[in-house]
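The chains carry the letters A, B, C and D, assigned in the order they are written, with residues numbered from 1 in each.
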Amino acid sequence: MQIAMVGLGRMGANMARRLRRAGIDVVVHDVNEAAVAALEAEGFTGARTPEDLVAALAPPRHVWLMVPAAHVGSSVDRFAALLEAGDCLIDGGNSWYRDDVDRAGPLAERGINYLDVGTSGGVFGLERGYCLMIGGPHDAVAQMVPVFDALAPGVDAAARTDGRDGPVTAEEQGWLHCGPSGAGHFVKMVHNGIEYGIMAAYAEGLNVLAKADIGTEQHTKDAETAPLTHPEYYRYQIDLAAVTELWRRGSVISSWLLDLTAAALHEDPTLDAYEGRVSDSGEGRWTLHAAIDEGVPVPTLASALWDRFYSRERGDVAHRVLSAMRSGFGGHKEVKG
Amino acid sequence: MQIAMVGLGRMGANMARRLRRAGIDVVVHDVNEAAVAALEAEGFTGARTPEDLVAALAPPRHVWLMVPAAHVGSSVDRFAALLEAGDCLIDGGNSWYRDDVDRAGPLAERGINYLDVGTSGGVFGLERGYCLMIGGPHDAVAQMVPVFDALAPGVDAAARTDGRDGPVTAEEQGWLHCGPSGAGHFVKMVHNGIEYGIMAAYAEGLNVLAKADIGTEQHTKDAETAPLTHPEYYRYQIDLAAVTELWRRGSVISSWLLDLTAAALHEDPTLDAYEGRVSDSGEGRWTLHAAIDEGVPVPTLASALWDRFYSRERGDVAHRVLSAMRSGFGGHKEVKG
Amino acid sequence: MQIAMVGLGRMGANMARRLRRAGIDVVVHDVNEAAVAALEAEGFTGARTPEDLVAALAPPRHVWLMVPAAHVGSSVDRFAALLEAGDCLIDGGNSWYRDDVDRAGPLAERGINYLDVGTSGGVFGLERGYCLMIGGPHDAVAQMVPVFDALAPGVDAAARTDGRDGPVTAEEQGWLHCGPSGAGHFVKMVHNGIEYGIMAAYAEGLNVLAKADIGTEQHTKDAETAPLTHPEYYRYQIDLAAVTELWRRGSVISSWLLDLTAAALHEDPTLDAYEGRVSDSGEGRWTLHAAIDEGVPVPTLASALWDRFYSRERGDVAHRVLSAMRSGFGGHKEVKG
Amino acid sequence: MQIAMVGLGRMGANMARRLRRAGIDVVVHDVNEAAVAALEAEGFTGARTPEDLVAALAPPRHVWLMVPAAHVGSSVDRFAALLEAGDCLIDGGNSWYRDDVDRAGPLAERGINYLDVGTSGGVFGLERGYCLMIGGPHDAVAQMVPVFDALAPGVDAAARTDGRDGPVTAEEQGWLHCGPSGAGHFVKMVHNGIEYGIMAAYAEGLNVLAKADIGTEQHTKDAETAPLTHPEYYRYQIDLAAVTELWRRGSVISSWLLDLTAAALHEDPTLDAYEGRVSDSGEGRWTLHAAIDEGVPVPTLASALWDRFYSRERGDVAHRVLSAMRSGFGGHKEVKG
């Protein structure tokens, strides 16, 4: 099995390595020549140009794009022009699934297969393996099975589910053909939407623990802020690093995200290295779009997105309007922070 | 009709004035002697001590407390000790309705009536009148009708509702006996919960209008933040003062809160006088408590409360936890603000 | 001044009538001939076809489309083909503002002006007037001032805002040129987003009042549901019709939506005529889209949309998943309803 | 080490068994004699009355209560009366942490230690171990270390966190002394609040996947509901059982709750066994109470609670109010379901 990996950033380079370890012949390319040279030094075949890359592959060719979202469209165009009927182009990035639907049609007319592959695994994928959510034509998926098997974590990464005792399925290996074009990125999009929600649940809960000592603080009494009625019930100094470590074993909320949180808090118990401005990439937003189109309530996933907007002070005008209203009807003054 | 007004702040003093204009005999008291003297200068009978106040009233006495939330409990105790069977004590402040239930019982045993009156109207009440939500025993309410009629705005403050063409009811005057002890403050609590939600709806919508020019901004492209796909659709410079003025006439969302917002924006179109730190008093919190106890979903009222907490940067630990998680699984760096 | 009104439904017919009362010459058209005939019977000039309509107008022509959202695109195409340079086409419906941006460009190349007008006022507009939010080229707006003045409620519909004592502005009449193409529908979109939020605030609050008697109910004790700790605080029978009537006068939350709510509850105190399945048209959804694109938190507006989805039982799969999880980790059985 | 276990339901009986396997002498009691007899048949020492139980223990006695929430208060009173200075009473149930604070004081005056222990682990605890969150005096905790070690899962239940390479701490075993009285149940309360949020995140995301085929449905066009603009993007038949199985390996959102969800969907792919009425016990509610008192925004945790209320149709009055308003301003009719 032979494949080309285009885009040798953190994700692409490690995926190339994991494939090679599994005995797959990987040709690599990146617009950054140094990234190509680095992998050549590890023994990979490098290609300096798209043309060289395509020339280095035997038909039917498989070209896996692992490039930043902003460059997927141009990369698809660039490589599609060089491929021919029977070849296969794979987008492994975080594209909007609708772009997959729009791209697959014209390529199919030329006999070129297009697969959209949502890839989860982050910086740990080289060792842990990658969870792959795949959309596109059945035959193209079938040709790629050795690649998916090599990238996925494998069945041993988790205990088998009760009742699953026959032959190991693809989803138990850690990859799944989710449906026609776009289905892979659709499932990945929702995966990330869920990720936002889970992260927010932990974060909000830890915030409640962090402020459980509010009853020990001295509060200036002013007419503007609701006073704490029972300070005697809020005098706990909770050790967040210890609590998150604790929950990793035996609790209902153990998870890989909790493992990471416990590690971060162990290293830096107050997380002072962070300012708390939380970015968001597209999938959380797109999940809301899809839910709105489908008429599905997603208050939890939405609140996680709004929370990130608040963290970047995007609620500013709303807050000033509220203060102005309060001044208008009640003569309330702001308590300056 | 004679009544005592205790607490001569913004609300209490104006209520005393409105009662006097209606021909009611008002004796006034405040712990601040200057406040008493000021109203004496307007012709009111002032009392320097609770004892003097009670002595100045003919039984059955009516004592209306209009004191800050933190002092209601002690004021009730102070005056209750001086009153006797047949007298009536009224709490017109923003107390938790459960305190009313707890207070009314022991007073009833001594034959003293206790009324809880939720009062809306703010700084405009002297001219506009006060909307009164009343809880307590029926007979005590009946004795106070002249007082409630004097304080309330009166039926002419709004067009009569279709189908209401018989005699004018109390609620059409602007006051209502809502039920037994606590019912007045319960209804006022929910009133304020609704107020939070309405305010937030306007504030969030105006924020969306204020940022409708985001497509004209220069954005540095970074891998951490979702890019704006179609800047050409976000190039509007919306005049918030004009829009809020516009909506006052003929639109579905005209309201008194909108009137205030339009006035604030006319005076200060960018609201730069405000920092955007929004306080909250108890009613919004208590409304959530009640909804939780009742098992009633109140996502809109809740989001308005969380929004105020965000405005005071109380989401800080949660936001740092999110950044730490993102660093953990994806190596994402924070984009500093 | 002469104008054509296309689409003689509830909104279009009344707008035609209001314009005619103001002395404007209105030619009317609808695909439904009976609707045309009905207005002809009132003295309007009717046109049976688009061609007849255009022929009946003196250049420069003004054609106002007031057709259902699903037919705006085809109507714009149909009439644009018949118009010529200097003419003006107005979309007064509830279109997505992006469609306005896309439509205006090609028409401008042919010298045809296109205006997008968001129209609020509902079934009461004939008497109350319509609040108009307008986007498009300045000159085209200027030509239409008599039309906008006639449709709008006029300054007397509300007290003038403090500090606005010069000449009456357009927004004080009840219409506003909000910006270039799309700006009118953008402002209308946010207006409706706010409307959803305000409606939800009232609805949730009234639900809390409606269930304030939960302490008087007999509850079967089961291990699955949180018991009510203090039933003694939830024994109120609140009269929703009286309370909403009460709040209309003197309270902070008086509004036109409250007026309507009080009227509905006066007519049908338990609202048994309604099943509680709440539809939503596009603007609430689009407001969320815009907020997501702008990175603006709109938790309150969002919760109002999710609430409508819940009312139509679109949370069904999520709820079954939750029950399955609870069964999985705790052996919890569902309490059947 | 000797301990008494009171309450032999699903949790208590399994905890007794796990303790006995670890060589601890466990005396058991339950108001249900059959439950006592069943454990006696397994070799446990049973006690028929509280008096017998206390008599069977050597001082200092340790009595662990594992009784339903509604009976904790009376059980504490019952056993406290029989204990003496130096003894220790443990509440391992789901009590409100404030009750612990209130109970601990009077017991401490008599020299009796009181520990509150939040216990997570559900029906799998016998094999998996229990995660224990403990509040109370330091010395009392120290005496109980063998018990906590026996109940907890032990360090091998998860890989050690990077940087934790010294001696194994208590939290790495799976138990933690969180602070003074109430701290254990406080941390457990927040744990469950987080659990609600995580569950809702999965549930909402799966709902979005389940309705990804909405574009293939036939929709009747009506004026009341927003139409789906692009049905071509919603034609996916997603296999929820396969997707949740997939996510268990290599994805960012793998967790124990996901394991359970995958198992439930494997067994019953459409979850038809469930009606979707989701109960809630107290901890989710109390977490919101605490967040409100602390002024901490918890929109994600809150939405998970409201979601459960919606699932039990507790939004009914709000929904009817919304329909009535829509009828009032726009003449909109409900689309019956």
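Quick note on the criterion: contacts are C-beta pairs under 8 Å (C-beta built on N, C-alpha and C of every residue); 3 or more make two chains touch, one makes a residue touch a chain.
Treat the numbers as computed from the prediction; the structure is a model and nothing was measured.
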item: A-B compared against A-C, more contacting pairs; value: A-B
item: Farthest-lying chain, centroid of Cα atoms versus that of chain B; value: A
item: Between chain D and chain A, distance of the C-alpha-averaged centres to the nearest whole Å; value: 28
item: Centre distance in Å when chain A and chain C are each reduced to the mean of their C-alpha atoms; value: 37
item: Centroid spacing, where centroids are CA-atom means, of chain A and chain B in whole angstrom; value: 44
item: Sequence positions of chain C contacting 2 or more other chains; value: 122, 200, 202, 204, 206-207, 211, 226, 252, 256-257, 263, 285, 293-299, 302-303, 306-307, 310, 312, 314-315, 318, 329
item: Touching residues (chain side chain B, partner chain A) in the complex; value: 10, 68-70, 122-124, 199-200, 202-204, 206-207, 210-211, 221, 223-227, 256-257, 260-261, 263-265, 268, 271, 273-282, 285, 299, 303, 307-308, 310-332, 334-337
item: Interface residues, chain A side, partner chain C - complex; value: 252, 285, 288-289, 292-299, 302-303, 305-307, 309-310, 312, 314-315, 318, 329
item: Chain B contact footprint on chain C (complex, rising order); value: 97-98, 101, 120-122, 125, 128-131, 133, 152-155, 157-159, 161-164, 169, 171-176, 178-180, 182-183, 186-187, 190-191, 193-198, 200-202, 204-209, 211-212, 214, 226, 228-230, 232-239, 242-243, 245-259, 262-263, 266-267, 287, 290-291, 293-304, 306-307, 310
